[in-house]
Amino acid sequence: MDKQSRRQFIRLAVRGTLFGGIALVTGNLILRQGEPLFGKNRKSGPTVWQLNPAKCIQCGRCATNCVKTPSAVKCTHAYSMCGYCNLCSGYFKPGTKTLDTGAEKQLCPVSAIKRTFVEDPFYEYTIDETLCIGCGKCVKGCGAFGNGSLQLQVRHPLCDNCNECSIARNCPAGAYRRVPLSDPYLLKGFGKEKV
Amino acid sequence: MKKLLPDEILVKFLRLLAMISGIFSLLICILIFINFFQLKRTDPLNSPALTLLQERLIQNPGDIALKQDIRQLDLMARKVFFTSQWQIRAGGYLLVACILVMIICLKTIELITPKIPSIAATGPEEPWNLRKIQRRWIIIAGILLVTFSLTLVWFTHRMLTGIPAEAGHLKANVSGRDSITGNPVLQSPVASLTSDTVRLLGNAVKSNQAVAEDFPTQQEIRSNFPSFRGPGGNGIAFQKNIPVLWDGASGKNIGWKTEIPLPGYNSPIIWKDKIFLSGAKENKREVYCLGASDGKILWTTDLSKIPGSPGQNPKVNAETGLAAPTLTTDGQRIYTIFANGDLAALDFEGKIIWTKSLGLPKNHYGHSSSLIMYHDMLIIQYDQTVSGKVIAFAGKTGEKVWETARNVKVSWASPVLANTGSRMELLLAAEPDVTSYDPATGKELWKLDCISGEVGPSVTYANGMVFSINEYSKLAAIRLGETPSLAWEDNEYLSDVPSPVAINDIVIVVTSYGVVVCYDAATGKKYWVKELEKSVYSSPMIAEGKIYILDKQGMMHILRADKILAVIGEPSLGEGSVCTPAFGEGRIYIRGNKHLFCITK
Amino acid sequence: MRRKQVILFFLIIGWLSPPAVMAIQRFPKPEFESGYVVPDAQLPLPRAELLAWLDVTVLLLTLSLATYLVLKRRSRMGVFLLSLFSLAYFGFYRQGCVCSIGAIQNVTMALFSGSYTVPLTVLFFFLIPLVFTLLFGRTFCAAVCPFGTFQDLVSFRPVRMGAWLNAFLGMIPYLYLGLAVLFAATTTEFIICRYDPFVGIFRLNASFGMFLFAGLLLVSGVFIARPYCRFLCPYGVLLNWMSQFSWKHMTITPAECIQCRLCENVCPYDAIDFPQTKKNPAGQRKQVNQLILLSLLLPLLVLGGVWTGGKMHLTLAGVNSRVRLARMIQATPVSKDQPEIPEITAFRSSGVQQQQLMTEVATIEDDFLTGSRIFGGFVGLVFGITLIRLIRTPYRTDYLPNRGTCFSCAKCMDYCPVLKDKTNN
Amino acid sequence: MKKKIILVFAIILFLAIVAWMFRDLFTGSPELQKNPYDYGMKELRQTDTVPAYKEVTPLKPALTTITSIATGYDGKIYVAGKGGVDILDISGRILKSFTFPGYATCLTVMPDNTLVIGMGDHVELWDPSGVQISAWQPEDTTSVITSVAASQHKIFVADAGNKIVYQYNELGKLQARIGEKDPSRKIPGFVIPSPYFDVGISPAGELWVANTGRYKLEKYDNDGSLLTSWGEASVTLEGFAGCCNPSHFTILSDGSFVTSEKGIERVKVYSPDGNFIALVARPESFDEGTRGLDLAAGSNGRILILDPLRNQVRVFLPLKKH
C-alpha cells in the first residue's frame, strides 16, 4: 500500500465514521420523538412562541424587547371573558370619575382601545392592533380589578418566530414557551383550564 | 457588441455613484441614530408635561381648558411617537436601498475591471517556518484563553453568594421528590430529564413485579374497578372525589355518553384508562373497549363464532338478556361469558387469547352470574337446574384449575370474594345454602342453610359478617368464626334483584320495589327506612361514605352511608338503567339502556 | 379561526395568586337584550407548516445547484448569482431564521432535554448541509448560507492575513461552538441566535445593539473577508470537519497544475495550500520527537481544559436565568422601599418556594459543572490536535484548496489558465 | 504599509466585537430599568390614612385552601374551603374539623348553628358535628353560588351565574327570587361582571346585596323591590375602587358595614347610611393580587378577614370603641 492509497483509505474510513455519526444523531432524534412523525399528535411538529397570560406580570418588556418595532405582542381581547363594564379598569385611568372617551382618561398610551356602547350598562372594548404596542398596561388594569379578559398574546402573522425569542430570554416570569403550531394561542377563557 | 460607454468612463461614473450612495447611507445612518436616541431620551408617551397636566386635572376635575390641553398634548405625543417610528422604518429602507446601490456599483466595477493576478516577486514563505509561527500563536492563544477564563472567574466570583449547603444535600433526592409532588420545578428541563428516569425506573420495577407474580396487587385492584360491584364484588368502591350532581337531560356534568351497539345488562368494568363491557343479540356477541377519557369505542371484538359454541340461542327472560354477566379483568386480560355459555379471554388490545364453550346452561331465565378473578384464576359460578358447579380456569391459558360440583338449585347470583382476615373465601348463594369455598383449591369451607327460592341477589361481606337475601326468603346475617352461624334474620323488606351492601357497622338493603333499609349489622336493628317510590334493579354501591342507588328510570339516589338518613342528591341520568354503576377517580360510569354515561364533576 | 363557542367557562379567581389558592368559579356572563353577539377573540394563524417544508426543498435545490456549479460547471458567475438568490430567499425573505447555524442548538437541546423535540424541518436544516459537505465540500458556504453570501458581497478590499492570525483567530469558533452546545444542552440560552449579527439586517428591524454589532462586523468584513465565517461561525467548525474528509472536493485547476502561481494571492480566505516539497529543515528526528512529546502532552492539555472548565462552571452557570434569579434574590434585601425588580416580583407571585428554587439551581449548577468540564476538555483537545497537526506539513507539488477552510466559492478558478476542455478528453 | 494599518484596524474591530459578546454574555445583568408603561399599582395601594384597627395574631385553620368565613351565634369561627370546614375559637384553637368532597365557595351559620355551605353550583346544609343534613340545587342550571346568608327560616343564596338572589326556607324550598331584572316593577337587576356577589342580613333582618357592577350596596325587601342603596366608584377611601367592588361585606351588630375590595385590597367600615367611617386594613396589609377577602364580625368589635393567599384568618381589633 503506497502513501497515496493509504491516505485515501483513512479518508474513506473517517468519512464513513462521520456518516455514521450523523445517522446516529438523526436516528436518535427521530426515534425519541415517539410514535407519529406526521399528523396532529406528533411531538416533532413545528413550534411558535407564545406567552402564557397566567404567568404574565405585565412588566412592559414585551413592548421593549421584541426584535420588531412595534412589538409582535399585542393585547388580545377574549370577549367571552369580558364583563363589558362601564367602568373598565383596562380602559380608564384609575380614579376616573366621568366615564367618557376623553384622551385624558384613557389608560392606553397610544389610545389603541376603542370603547363602544352596547346597551345599558354594557360597553364593548376592541383593540386596534395597528396602534397597540404590547405594553400590557391595560392588561394590568383589567387583571387587577376585572376578569382579565385583556391578555397579551404573540400575534403570529407579525411574529418572526425567532429561533430563540428575545422577549422570552428577558421575560422575568418565564411566561414564554414554544407551543405547537397547530395550537398557537394560550388565551385564557376558552375552556382550556376546564377542570 | 458595441459598448455604450467606454469602460473607463463607466467605472468612473460607478465609482462616483458608489461614493454618493455611500455618503448618503452614512448620513441616513446618523439620522437614524439621532432619531433613535431622541426617542429613547424623550419618550413622548411618558412625557413629563403630560403627567404634570394630568396630575393637575385630578386636583381640578372640572377644568375644561386643562382637559383640552391634555387632549392636544396627548395627540401630539402619539403623533411624535408614531412618526418617529415611521421615520426609523423609512430610514431603514432608504439605508438598505443606498447600500444596495453602493454594492451593485462596486460589484459592477469589480466585474468590468480586468482581474490582474498578482504574483509576488519572492516565492511563498517557507511553510515549515509558517507552521512554527502558527504553533507559537496557538500556544499563545491557549495561554491567553486560560488566563482570561481564570480572570473572568476571579472577577465574577465576587458576585456569587453561593447556594446554601443544605440545597446541595437535597440535590440527590430532588428528582424523586419533585416528580412525585409535581412541583413547578418539573418544568425545568433538568427535572424533566430526571422525571424520565423516574418513569423508566417505575417501568423497571413494574416489570419486575410482573415476573414475580402474575396478578395485580390488592392496591391495584382497589384503584381500579375490575369486576361487578367493584373489587371482590362487595359493593364498595375505593375511588375518591365521586360526583354527586349531574343531569343527563341538560348534559350537566356528563363527561361523555356513548351508544353501545348491542344490548346487555352487564355493568362496565374499568382498568386504568379503559372500560370494558359486552353486548349480545341473537347470533351476535361482542366485547367493547372504551377510552375512559373520551368514551370513544377503542375496539370491538366479535365473539359470535367461537369454536364449540352451541350454535343455538338459550331461552332467556327479557329482563336477563343474552349478555347479563359482567366481565372481569386481572389487569392483563379481560374475561367475558355470554348467556350461551361461551367464555373468552381477550388481551387489552381486543385480541382473543383463548375461548371455551361451557355448553348451553340449563337456566330458565338465562345465565347471569358475573365473573370474578382470584389471583390468576377466573372463577365462574355455573348454577343450573341440574349439575351446577363452580369452576376456576387459569387466566393465562384457560386450563381448568379446579371444579367443584354444587348440590344447589339454579341461581342468578354472582360470586363474592371476602378477605376474612385469616383467609380468602369465595361466597356463593343458591337455594338452599350460602356456601364458602377456598378460592385457591375449590374446597368447600362451610355452608349454611339460610336461603331459598330462585336466588338473584348476591351476598355481601363486611367485618366478619356475610349477608344474604332473597325475595320470599329472608335477610340472613351470618357471623363467621369457627363455625359460621346465623346472627340474626329479618323478612320485612326483601329483594329479588339488588344485592345488599354493608360498611362499618351497618348493612343496607334495597328492595326491587324501591325501599331502602338500614340495619345495624350486628343486631339487625333498623335505623331508617326510605321509600324511593321507584323500582330498582341495579345494586347499590358505596363510595366515599355515600350510597349510590340507581333506580330503573335512571335517577341516582345518593344517601349518606350512615345511621342517620340524609339525602345528598337525586340527580337523574335521563335514561333508564338496570345496571350497577362503576366508579373511577372522580367519575361514575353508568350503563343505561342504550348508552354508557361518564359522569364527572 | 377557532370558533369555539363556550357558553360557560371557568375563571380562576385571583389568577395572579399562587396556584394553591386558586378557586374555580364560573364566570357570570352579561346578558344582552339588544341582540349583541359576543365576538370571538381574533386569533390569526402563524405561517403554515407547509412553507417550512418549502424552505427545506429550496435548501436542497440551492445546495444541489451550488454543488453542480462549483464541481461541474466551475462557474464563479453562477455561484455568485446563486448566492444572490440565497441571500434574497434565506436572508431577506425568510429573515435568516431558522438557519443551519442556529439549528445546532435545537439539535443539542433535543438531544439533552427530555421535554424538547426538534421539529423535523429544523433537523433537516442542520443535516442537509453537513451531508452535502461530507460529499462535496463546503458548497453550502459558497452560495447557500445567507450569512456567508452577505459577507462575500461586502468584502471589497480583502486584506491577506498572516498565517499566525489565521491560526490564532481560528480557535474562536471552537470556543463558540463549545459554549453554544453547553448552553443549549443545559436549556440556558441560544447564544448563536442572541449574537446573530445579520438577522437584524435581514429583517430591517432589531435592537440598537444588534444593529451596531452587525454594522461593525460588516465594516471589518470589508477588509477581512468573511470574518464571521472564518473566525466565529460554530457551524463552520462542523463543516470544516466534514469537508476535510469530503468525497469529492473542488480543485483550483481542472486538470494538471502548471505551477503558474497565478492563484497564489487570489483567495481572500487564505485557504490555498502552497506546494511543499522540501524536507523539514529542523530534521526528521526533531519532528518525530515533537510529535511524541505533543502526543504525550495531549492528555495533559485535555486535563488542563477540564480543570479550567470546572473552575469556570459557576461563571458559566450565571448565564442561566434561573441561576441569575436565585443570585438576584439572594443579593436583594427584602424591603418595601426597594425598587421593584420584575424577576423577583414574578417569582414571588409564582408560588414557588425559595428553597425549591435553590434546589433547582443547585441541580443546574451541578449540570454546569459536568458540562463545563466537558467543554474545557473539548477545548483542550482541539488545541492539542491543532498543534499536532501543525508539526508536519504534507508533501504536495500543486496548489490545492485547503479542504477544511475552503468555502468552495470558485473565485480561484477564474485565475487558472488551464483550460477546462482538457479534462474532457 | 497602508494595508497593514487597515488590517490592524479590522482586527481590532473584530476583537472588540468578540470582547463585547463575552462581556455581554457573562456580566450583562438583565435590565433593571423602570417599566415605562407601569400601571402605577404601587402608588394606588398606598394610603396616608391611619387605620382605626390594629392587627393581632392571625388564626391558622387546618384547611390548606380556604375560601369563606362566618361567625356563629355561639361565637365560634367557621372557616370553609376546599374539602371541608374548620371550627375555631377566637384564640385560634381548632375545635372541630370535618371534611367533604368538593369545594365550598361560601358559608354562613344559622341561629341553630346549622351550617349553610355554598358549593359552587349547589347548597348543602351541615350539622356542626359534621353530618350532612341536606343538599339542593337551584333550578337554574348555570348557578355560580358566591354567597349565602341565613336567618331562622330564610336562606338567601346569591347566584352570580344568574345574577339573582334566591330565598329558600330551611328545607330547601324556593320561596322567592330576588333582584331579577323587571322593568315593570322598576327592578334594575344586578350587574355582576365577575364572580364576586355577596349578600348579607342586617341585624334588623333586612337583605343587603352587593351590586358590584354598580359599585353599590343595595337593600331589598322580600318581594324583590329595591328599597335603598349607597356607594360610589372611587379610588379614594370613600368609594369602591373600580368595577366589581365591594367584593365582600358583612354587617356589624350596630348596622354598620364592613367592606372589602379587590384590585386595591382594603377593608373599610361604613355607617349604616353609607358614610365612610374608618379604615380597617390598608392595602399594604395584603399581598398584591389578593382576591376574595371574605369578612366576618367577631366578638368585641373584632373584624375577621379571610386571607386566601396567606391561608389565614387575619384578626383586626378596634383601637378604640366607637
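Order as written gives the chain letters A, B, C and D; numbering starts at 1 within each chain.
Heads up, the rule we're going with is that a contact is a pair of C-beta atoms (placed from the backbone, for glycine too) under 8 Å apart; a residue touches a chain by one contact, two chains touch by 3 or more.
Computed from a predicted model, the values in this text were never measured in an experiment.
For chain pairs B-C and C-D, the one joined by more C-beta pairs in contact is B-C.
Chain A has the Cα centre that lies closest to the mean of all protein Cα atoms in view. If each chain is reduced to the centroid of its CA atoms, subunit B and subunit C end up 41 Å from each other.
A separation of 53 Å divides the Cα centre of subunit C from that of subunit D. Subunit A and subunit C have Cα centroids separated by 25 Å.
One inter-chain figure worth recording: subunit B and subunit D are separated by 34 Å, centre to centre, where each centre is the mean of the chain's CA atoms. Annotation for subunit A: residues 59, 61, 69, 83-84, 95, 97, 109, 144, 147, 172, 195 touch two or more other chains.
Multi-chain contact residues of subunit D (touching two or more other chains): 26, 30, 35-37, 121, 191, 193-194, 262, 289. Residue positions of subunit B touching 2 or more other chains, listed in rising order: 45-46, 89, 152, 156, 601. Chain-to-chain contact here is organised exhaustively, every possible pair of chains being in touch. The touching residues of subunit C, counted against subunit D in their complex, run 8, 11, 13-14, 16-18, 20-21, 23-28, 30-31, 157, 159, 161, 165, 169, 172, 191, 194-195, 209, 213, 216-217, 219-220, 222-224, 227, 231-232, 315, 318-319, 324, 336, 339-343, 349. Partner subunit C is touched in their complex by these residues of subunit D: 3, 6-7, 9-11, 13-14, 16-18, 20-21, 24-26, 30, 32, 34-35, 42, 64-65, 67, 82, 103, 105, 120-121, 142, 144, 146, 160-163, 191-195, 197, 262, 284, 287-292, 308-309, 311.
The touching residues of subunit B, when paired with subunit D in their complex, are 43, 45-46, 152, 155-156, 240-242, 244-245, 247, 250, 252, 544, 560, 562, 564, 566-569, 601.
Those residues of subunit D that touch subunit A in the complex are listed here as 30-31, 35-41, 44, 191, 193-194, 213-215, 233-236, 241-245, 262-263, 289. Within the complex, the subunit A residues that touch subunit D are 58-61, 63-64, 83-89, 94-95, 97, 107, 109, 121, 135-137, 140-141, 144-147, 170, 172.
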